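I've put the structures underneath this note.
Next, two complexes with chain A in common: one pairs it with chain B, the other with chain C.
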Partner chain A sequence: MPIRFKINDVAVEAKPGEGLLDVARRNGFSIPSLCHLESVPAIGACRICLVEVRRGRRSKLTTSCNYEVLDGIEVSTDSPEIRRHRAMNLELLLARAPSSEAIRKLAAQYGVSQPRFGPIKYNPLPNCILCELCVRACTELGHHALTTVGRGDRKRIGLPFNKPADTCVGCGACASVCPTHCIPMTDTLTKRAIWGQKHDFVRCSECGAPVITKKHRDHAIATKGLPEDYYDVCQSCKQIATSQRFAAIVW
Partner chain B sequence: MTSPFKNAAELEKHQKQLQGQKQLPSTIAVCTSGCVAYGANRLVDAFTKAVKSRKIGDQVRIIATGCQGFCERGPLVVVHPQEWFYEKVDGKDINDILDSALKGKVLKRLLHKDAKGKTYQKESEVPFYRNQKRLLLAQNSRIDPCSIDDYLRAGGYAALAKALTKMAPEEVIEQITASGLRGRGGGGFPAGVKWKSCRAAASKNGVRYIICNADEGDPGAFMDRALIEGNPHSVIEGMIIGAWAVGHPGKPQGFVYIRNEYPLAVERLGIALEQARAAGLLGKNILGSGLNFDIQVNRGGGAFVCGESTALMASIEGDVGRPRAKHIHTVEVGLNGKPSNLNNVETWANVPLIIDHGVKWFTKIGTGDVSDNPWGGSKGTKIFALVGKVKNTGLVEVPMGATLREIIYDIGGGIRDGKKFKAVQTGGPSGGCLPESKLDVPVDFDTLVQEGSMMGSGGMIVMDEDTCMVDVAKYFVGFLKFESCGNCTSCRDGLIRLHELLEDITTGRGSEATIQLIEDLAETVRASSLCALGTSAVNPLQSTLRYFRDEYLAHVQDQRCPAKVCKELITFTIDAKKCNGCTLCAKRCPQDTIEGKKKKPYTIIQDNCIKCGICMDVCQQDAVIVQ
Partner chain C sequence: MTAAKTIDPKRIDRVLARHPQGKPTALVNLLHDLQAEFRYLPELAMEKAASYLNVPNGQLFRVATFYESFHLKPRGKHIATVCTGTACHVRGAPKLTDHISREFEIPVGGTTKNMELTLETVNCVGACALGPLLILDGEYHGNMSPAKLDRTLKTIKRG
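The block that comes next holds the complex of A and B.
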């Protein structure tokens, strides 16, 4: 049985257990957010995806990412109140991550250009907004090499027990999902440096480009049942080889 | 204790036996809860030794009890059966107390004296106790918390026997609902309604969790601690009845999540659980009813946020204690994804009383009408930890609906040192501060919320005219910014920024725009945080802005702290007319910034003054003025 409810007076359908934000976006409603990806569990950290949900006589503000849809609810994705609280949360985040392009842009849409708060006193990873996408991605991939440390005003993203984790394969998922691009990751032709470790790259046997870290390759082959030589050649060389084979057949 | 009770009749027989037994002529009850800080453990040892050396063990029994309540006057000793109440007892008084107990003659010099010099013999006559209604705490100065026989003799576990043999689980739930018992942890949610939903929730293998929240983290609050340290079996009995009502005939399992900073409570709870197991009151087929239930103790790691139900459950699961969204209630999907019924210590302790004495008796106490709506009022009593600038600090239990004035003046004896009352904060760090005009407000769940505060778990901090309300708001916001789990932007960063803005005001850097920003930001923290820690964190701030706005304005408009607390806004000077040049202030000044000649008026050189106030404290001429 699908769940039926309304977003901004438009009837929509969803599967039981789906998150409101995903359903809304699928149906073309735009709700801003910084800490949500469909592939990781929602935690409602950034508080930007606030919406108003009316259920029977009761109405409340809630984040849409971690709200499981229910039959008969009426959702409003925009109102002066919602905009006011989104703006204030963005102002807080902008003060925490002043040089993040993504946050500056979003904040500007809500009329915030210069936060009324000074630089945040404790933020060992500059521009980090503690959305935990990195931690959740790492956990979802099964590596558990990142964690949150502490709570309240001393909360930070860090390594378990403050030591580079053995389980980190240098995949870089944490850095790529980060909305403020604040996780330092440096690649050369031969090595990737991330979270206090250096990982050797597998180089493409055709063109020499870095393909994947050796540790990540070993992990992927072992856990996904891929052929041993799967990562020997880079993606673009594989495509070139395929198109050459095609050309030989066609012409 | 002999062997486990196989059924209710055996329990009753044992109880009758205990009640029929001849008691020793005297029982001396020494508070060993908070009074330990005054050396009460040494008192117990000394009493025990003296009884042994004087060979009077067949006449006097010494018991170490839980908190007896009147903490201000500790160490406390009550002599039974006469109920003589002795305060500020010292090691030197031991033999006199023993003598008086043996002779049956009261020892006058240790009795409580009121301000007018009137003495009171009995505990129940002392004004501090006389104006209370002690139901949950009734046994605290009577029983040895480490003795299940003491609890049984006082009628303990009779309610359990009644529930298990004479009442169907649904009937128990009906009674609890009809009693109007509401959650004492602060939420005020009707317990019966919660139990009913938890019983109705689907559980594939029949597992339902019965959880006791004993993670009492509010600064200055110790109600739950006192109950567990003083009468742990009452909490256990409540939980077993809860397991019967919510989880039978499934597989109910119990947890007590208790803060590890309460070593004595953890110890006494552990002893009580062992005793209950040995008596067959926990374990398989309890009293032959078919109920299988046991309770496990989980010790908290010190995070305030773990008192929030979902964070508490995450912590039991072994995860970082942080709340999750409760769009689906924990009674349906809670601990380990199973239906979970969580209640606070005090709520559980009320359950045996209700089953024992009945709904009619319970609903006579308190406010409102709950006959067809469990939200219709606040029934029963509530324990408060009365602390701060009040004369009689301690643990008080009053009927719901008692006014703040009754609690603070009749029980608390009014404000210390002849000062003026300024505010009272109810409900712990997330409660609001109410001014004098609200003193006649009845203390119940709904009225306190209406007035901008809350019941909370029962902290009650009284403040006098020397308290700066901006400083108070800063303190609580500072506590919560440290204790926020840090998940939500609005709570984590919101509280950090609110603390900074309040700091601006207390240091004279604030303006009216600062106040405006605080108000806007506080609104967002309340409206857009996930759990109750965030949504209620701004209560102290918003309530002080509502009732003490003029103090905020004095700080930002005139750079003045009316209570003379905020260091950046005050100066210490010496009144040349009053100073007799005794040199005391100059000698004690840690900055060496008070100059002058002996027997001539001294002056404070302001540049180096750190405003510690020592000069003011030591001056015997009252010559130091703070402005």
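The block that comes next holds the complex of A and C.
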């Protein structure tokens, strides 16, 4: 049985157990968010995806990413009250991440340009808002190379035992999902530096472009049962080869 | 770290053997047990514990750094804990930490080179009327003063 409810007075359907934010987006409603990806478990860390949910006569503000949809709820994705709370949360996030372009832009949309708080005393990874998207992505991919360390105002993102992790394959997923782009990752043609390690790239045998780190390739081939030569050629060269084969058939 | 090298893996294994293998739920108990054995959590012990319980290193490290009661650095034979809660603070706790720091040449959180004494602080243990309070190896000493401190700590070897 699908779950039926309303978002901004529009009737929508969802599967039991789905998160409200995912359902809203699928139906074309836009809700801002910083710490949510459909592919990782939602933890409601950034508090930007706030919406109002009415159930019968009760109404509450809640984060939508980790709210499981229910039959008959009525959701508003925007209201002066919602905006006021998002603005407050953005002001707090801006104090943690004063030079993050993404946070500055979003905050500006809510009329916040200069936080009244901060600068915060402890943030060894500048601009990190502790949303744990990096940790969740790395964990979900099965690498388990990142974790939160400590608690309270000393909490930070770090490596197990504070040393480069054997299980980090240099995939770069953590850096690419980070909403504030605060994880240092440097790529050259031959190497990727991330989290205290240097990883050699596999280079495309056609064009020489870096394809994937060798360690990531070995891990992917071993765990996904891909052919040994799967990563020898980069995506764009593969596409060119495919279209040439295709052209040869057509003409 | 020199201290880590002297850890005997057999001692770790003996502690591990008292817990169910492959059971992530035993994590906190096991960490407490390891700490009881070594007075802190040596890295080797944490690594062995993670693979023994089949939890990722990161998950274990998250827990070990989350709870204040776990210590990741070697600690001394004796632990002097000065309460720096509000009541003890206004009754002169800072004088106590300063005094121990100076006498034993260690900062708060530090351990003497001879591994005899570690100086720590705690925020209120509910004995405010006794403040300022020193807890030495679990024993409470109330109404502390620097002079009284010298008497209480006099058997601890300097160095």
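By definition in this document, the second predicted complex is superposed on the first by the 251 of 251 C-alpha atoms of A that agree within 3 Å, B and C clash if a C-alpha of one lies under 4 Å from a C-alpha of the other, contacts with A are read in each partner's own complex, and residues count from 1 in each chain.
Here is the rule we use: a contact is a pair of C-beta atoms (placed from the backbone, for glycine too) under 8 Å apart; a residue touches a chain by one contact, two chains touch by 3 or more.
The shown structure was predicted, so the numbers you read here are calculated from the model rather than taken from an experiment.
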One more residue to check, A:Pro124. First (chain B), second (chain C), both or neither?
neither
Chain A contact check, chain B vs chain C, more residues touched by chain B
For A:Pro2 in the superposed arrangement: first (chain B), second (chain C), both or neither?
neither
Check the residue A:Phe161 against both partner chains and state whether it touches chain B (first), chain C (second), both, or neither.
second
Per the contact definition in the header, classify A:Gly150: touching chain B only (first), chain C only (second), both, or neither.
both
Just chain B (first), just chain C (second), both, or neither: which does A:Thr63 touch?
first
Name the contact category of A:Gly111: first (chain B only), second (chain C only), both, or neither.
neither
Overlap of the chain B and chain C footprints on chain A, residue-wise?
148, 150-151
Chain A contact footprint on chain B (complex, rising order)
303, 305, 320, 322, 324-325, 327-328, 480-490, 492-497, 500, 517, 520-521, 523-524, 527-530
If you look only at chain A, which of its residues touch chain B in the complex?
43-48, 50, 61-63, 66-68, 70, 81, 84-85, 88-89, 92-93, 95-96, 116-118, 120-121, 129-130, 148, 150-155
Touching residues of chain A toward chain C in the complex: what are they?
135, 139, 144-151, 159-161, 165, 167
Mind pulling up the chain C residues that touch chain A in the complex?
43, 46-47, 56-62, 65-66
